[in-house]
Amino acid sequence: MSNTTRQPGRHFLQIPGPTPVPERIIQAMARTIIDHRSQAFADLSLRVINGIKTIFKTKQPVILYPSSGTGAWEAALVNTLSPGDKVLMVETGQFATLWKDMAAKIGLVPEFLPTDWRTGAEADAIESALKRDTAHEIKAVCVVHNETATGCRSWIQDIRKAMDAAGHPALLMVDTISSLGCLDYRHDEWGVDVSISGSQKGLMLPPGLSFTAVSEKALEAAKSASLQRSYWSWQDMIASNASGFFPFTPATGLLYGLETAITMLHEEGLDNVFARHERHGRATRAAVETWGLEVLCRDPKYYSPAVTSVLMPEGYNADTFRALVLENFNMSLGTGLNRLSGKVFRIGHLGDTNDLTIMGALSGVEMGLELAGVPHAKGGVTAAMAEITRATNQVRAAA
Amino acid sequence: MSNTTRQPGRHFLQIPGPTPVPERIIQAMARTIIDHRSQAFADLSLRVINGIKTIFKTKQPVILYPSSGTGAWEAALVNTLSPGDKVLMVETGQFATLWKDMAAKIGLVPEFLPTDWRTGAEADAIESALKRDTAHEIKAVCVVHNETATGCRSWIQDIRKAMDAAGHPALLMVDTISSLGCLDYRHDEWGVDVSISGSQKGLMLPPGLSFTAVSEKALEAAKSASLQRSYWSWQDMIASNASGFFPFTPATGLLYGLETAITMLHEEGLDNVFARHERHGRATRAAVETWGLEVLCRDPKYYSPAVTSVLMPEGYNADTFRALVLENFNMSLGTGLNRLSGKVFRIGHLGDTNDLTIMGALSGVEMGLELAGVPHAKGGVTAAMAEITRATNQVRAAA
Amino acid sequence: MSNTTRQPGRHFLQIPGPTPVPERIIQAMARTIIDHRSQAFADLSLRVINGIKTIFKTKQPVILYPSSGTGAWEAALVNTLSPGDKVLMVETGQFATLWKDMAAKIGLVPEFLPTDWRTGAEADAIESALKRDTAHEIKAVCVVHNETATGCRSWIQDIRKAMDAAGHPALLMVDTISSLGCLDYRHDEWGVDVSISGSQKGLMLPPGLSFTAVSEKALEAAKSASLQRSYWSWQDMIASNASGFFPFTPATGLLYGLETAITMLHEEGLDNVFARHERHGRATRAAVETWGLEVLCRDPKYYSPAVTSVLMPEGYNADTFRALVLENFNMSLGTGLNRLSGKVFRIGHLGDTNDLTIMGALSGVEMGLELAGVPHAKGGVTAAMAEITRATNQVRAAA
Amino acid sequence: MSNTTRQPGRHFLQIPGPTPVPERIIQAMARTIIDHRSQAFADLSLRVINGIKTIFKTKQPVILYPSSGTGAWEAALVNTLSPGDKVLMVETGQFATLWKDMAAKIGLVPEFLPTDWRTGAEADAIESALKRDTAHEIKAVCVVHNETATGCRSWIQDIRKAMDAAGHPALLMVDTISSLGCLDYRHDEWGVDVSISGSQKGLMLPPGLSFTAVSEKALEAAKSASLQRSYWSWQDMIASNASGFFPFTPATGLLYGLETAITMLHEEGLDNVFARHERHGRATRAAVETWGLEVLCRDPKYYSPAVTSVLMPEGYNADTFRALVLENFNMSLGTGLNRLSGKVFRIGHLGDTNDLTIMGALSGVEMGLELAGVPHAKGGVTAAMAEITRATNQVRAAA
């Protein structure tokens, strides 16, 4: 089976996003594009805008850009801050680092709380930093809810509490790109000011659409924020959105898909969706531990239900392993990013997936370890099955 | 997870056909229907007719009906035989039985060699029956290549030899509905007169199209055969097909799909396709045996590379088990047919599938056995992985 | 613009079937195939079987074969008749002729009432023929509701009256292949015994599925009918259908599409669908008459709302003209069949189409006549627009 | 036919973009999303990046953003300019005005040459303005190639000459959003520095992807430009693109579609594509003039081959007319924007369309005028057919 022969069957896309796009969403997106200045379009966009609010659990505005999630990062900063403003960020991994780099690039002054890329953002560290900032020069705290690069989640409700405990007025901004639609998220209840997300993870769409939930406090900040903005201007968006339109051509196909995605999430039930991601995270880690490999995230408190990064044993290259798995088993695993390059591979278990797909994926990893000659104990897949069976029995008992 | 909540992810369609339709074929079939009296259509149908010959490994005519495979069974009989003609058939299972019932219904006189539905057609038994028929009243020997109901294959080349050894002039007719595109098949080399197949198994299409490869000897027989026929008339078909047309409206969408299916089989390589089915059959049986369950097919010689029927332990209903698996793991397993109802479930491992999908499916069976409280030993999935790893290593060593 | 350059935009498929498959149906058909032995499948098929009854306007059984409409012709004859039975048929055109040929081929004795292929079946002629048959040797009267080859409709309610007036007990069988879903049709009210149809015309599906509505009287006849049948046996079908299953593998993809087609017809409203076809028939004939060309159907009583056959002026070949239109305007027109070959072209105005598509098509004909140098008067398209405007105004006034 | 009954047939999407997405592109976009960090992805993006260069007719970098065209406008400005820089823009219509507003918003100083929104950008006026700017304070000349709001094109090669004649070093930036893939465009030959475009017009894709072709001079300017930028940074893009990757998640689905779009344009032949748009523009204007209505563009030199804006007669509201056409004929016409609101409707004749679709559309306008009681002369559609016939004969004569 070389690269040149056709790989039969469905590709196992086990990267932490983009995730597999379900048939219903593919079909929704394939519908004829309509006039984006028509009433039918306005009806669609109002349904979609209201729908996405139920996923963020917010009653406040949500803005949709034709852009990657990176664009929504930029929008969050340029709409609320002014040149020279300080922002407090936590180095949870590569995506937190990229966001910090962006902040610096556009003229902000990030304070970057370090971690070893094996944990989530710690509320205590944030509280301390904020308490040190007696002058309230820090204008925003920026945290990645689920670090896609490491498989470590952070606890936003704890960070909120830390900010409150510090009595600090900074805005709270959260990247939920690989968590929204995977882990429980509550924009309003947790007092988040700006929640940023993207289409291609828990929302099960192709990439190309970003979402931003915005609090009243953030909108208030936008009035005096002086960073340059035009495409990313929330004000223009919110004004147009009121009647179901957009200040520039919207990505109608993705809006079609988003409407279906929201429907699907509610049909399954958000709590069932979150339980499914939890179950797959636990099953995956049970396999990894049984193999005798190390989960990158070193503290169970921060384990991600959406993605698991696995450390390769010393002397083995993770990308060589990934290539072998792709070649032989038609499965894409996530690569290690930046300082983790070659050292970890990532197993995505998020988006529209199910128990047997995850079991197929874990089987591919176990067989790949064997083919690659990576030292490991057998039984990972069996351990994962035990975890899924246990969780299923629990649900059946409760029903 | 009740029936009313959405089942996330891809359905595992592990019945022995219809099989999952690959994305490329779905797309080919979705193309705009063209005028079936145009040159563009004639070009298409000539490509398809010539293409399907390469799958049957024949240079003789292949006929395509808009019908299920059952229609092609009927066509085989009514084009070559006359009322009262004797046919020798082998009771390999439910499908052989249905074909026999059809023969009787349309006025033929079937001799039905019995089996216990746990083996393939035995060449010796056929040779004996033919030798007994010194008057050559038997006009056709009809065999099912791969009994979808039992998971037992027959060896057509051995049956050909038996017929030759008996010096018997009967036609040889073979049902390849669940074998074509899964197991090696050689219409010309094996001296088969009529080979019957369908679109929804190894050919990876939805149901609705049947194929019939016809030898010169069969065409000669058609000249004097007097069973009533019109829709099924080979003669009209072959005459129209010469210029790329059909005597009645063809199923253009399925022809689009068939062209792509043939291309895909050759891109993978027929030998690779057959090896893949063999590997999945071996992996599945390794799992079943490890669980301590019994494979219905009792002689390894007849194991099917396309489908495995598994006997439920006494006291457990196979359909109850199947329902539990469908409910909890979004997987369809095949039901037991006729005398096997409730006693076996069938695992389809044919068509456009791959190692990790099969591993997901076997995981679903192993977890289902646990949830259902069916006595079994653990380790089936692990044994299947060992089998796949072994086969993969073999291929890698050879490359 | 030669054949080798890509033709941009949508193809105008203006043949009298297959008709353009709407996006919604394409998407319905692209859904994952499910286990045809599952409850979910049974639920689907019961919905579809009950749904198609509303299109035939019948409460009696409707049978679905994976076959072209030709198969349903055969089923109608072999289920109800015995070798040597007389059938009265009317030579309305090529399709009536093919059905007559089939009857003869399978051992029936057709009496074929001639026409000049420019009119529908005349009730008087049928009444006379039946009155002559005092011995009631005629067992069935077979009529094509809408002759696709000529664009002449017949009036089934008049034929029913003629049969009643003749006091003749023959069965009434009607081919509605190109009328169902285009013209009003009432299987029960009109006392039809067997109504035959296909998927690829007014039902807007690809070809490959046929429908047969069957009266109690026809089912009664089936009990004593002795023509050979197996695949086409109504009895087996009706028995299986009761629980939502089929005696052989159904064409699941087409059933998916059929469910959507039925929904679409009712969403538009059957009466609106029929009015639309009437309007397009009138608009097309208005254009043809303005061009000074002759509509093949020579009596307005029999004008078809689904297809218009146009006589080419002496000295001009219709197929040459069709080729020029295809080459230059990306439109397929229907060819003349049999004795009409080269003499007529056919404009299909049936299935999922609308006013502007028909106007585009008629524009293509008018421009084609100009490019081909066919003598004609200008203004056909303008006349067609007047007809559509008139009809639209009428609807708006009524609303 | 009210809004609540289903509108049968295909929608006529005759707005000046988004344009109808062809079946092949829909299918390409529906393919499974792949890992955007894989070699297969890199291969795809290199093919696409090189392919889009052939449409811009450039050998210089082209940048693809997941964004609307508006995003590429912003990128053009922020990558090349510094706060307070002067830019010379021409008020050709609503889109030129929006671009000017954006420039002002981000801190540039636009000089806005006025027009009456009924003409293209005049090279003389630009030359004069540049000659006045002896201090070379103007850093960029920004022109819209085809004003989507008015249906007036500008002649970029003339503007280039004017800039050269003025000996002015400003950058030349051109919005080709509704011209690329419709009108001939030559980024390199015409000496354009930044060419901006979008996916949803001549490129036949859904909205959501923008393109920017960049000259060496523009890249040089980027080195000293100090406007804030991060998402829009060309530098980061070009660096990543070199190996086929992107600095943030790309819109893989749209890249799939773009590859097919480029293939389709070349299969038809760019010159054939341009001739087709010219032909449809001429046919549309022939109809409008025959109806006695006024084309908004008052100088034939500036007629757009992609869109025609039509002035409603005094006392008639264009949007009321558009609503009537949508309701009765299932066709969307473009609305009048800003100062043209209610006064014009726009007929899009761009993207993947053909002669008969345009004829259907013009028939819908002619019938709509009748239904709406708008005073007009008959014969517009006939005049359009004459224009198309003439052009087709010319091509046939040349072949």
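The first chain written gets the first letter, and so on, giving A, B, C and D; residue counts start at 1 in each chain.
By our rule, a residue touches a chain if its C-beta (ideal position, glycine included) is under 8 Å from a C-beta of that chain, and two chains touch if they have at least 3 such contacts.
Worth saying up front: this structure is predicted, and the values here are computed from it rather than measured.
K.L.:
Which chains contact both chain A and chain D?
P.N.:
Both-contact set = B, C.
K.L.:
Farthest chain from chain A, going by the mean of C-alpha atoms per chain?
P.N.:
Computed centres place C farthest from chain A.
K.L.:
With chain centres taken as the means of their Cα atoms, state the distance from chain B to chain C in Å.
P.N.:
35
K.L.:
Based only on mean CA positions, could you tell me how far chain A sits from chain B in angstrom?
P.N.:
44
K.L.:
Could you put a whole-Å number on the gap between the CA centroids of chain A and chain C?
P.N.:
54
K.L.:
Tell me, which residues of chain C touch at least two other chains?
P.N.:
Those would be 10, 20, 30, 32.
K.L.:
Which stretch or stretches of chain B touch chain C in the complex?
P.N.:
10-11, 13, 15, 17-21, 26, 29-30, 32-38, 65-71, 74, 78, 102, 105-107, 198, 200, 206-209, 227-231, 233, 247-254, 326, 332, 334-335
K.L.:
Would you tell me which residues of chain D are touching chain B in their complex?
P.N.:
Within the complex, chain D touches chain B at residues 23, 27, 30-32.
K.L.:
Can you list the residues on chain A that touch chain B in the complex?
P.N.:
Residue positions touching the partner: 1-2, 5-10, 12, 20, 22, 264, 267-269, 272-273, 276, 328-331, 352-361, 363-364, 366-367, 370-371, 378-379, 381-382, 385, 388-389, 392-393, 395-396, 399.
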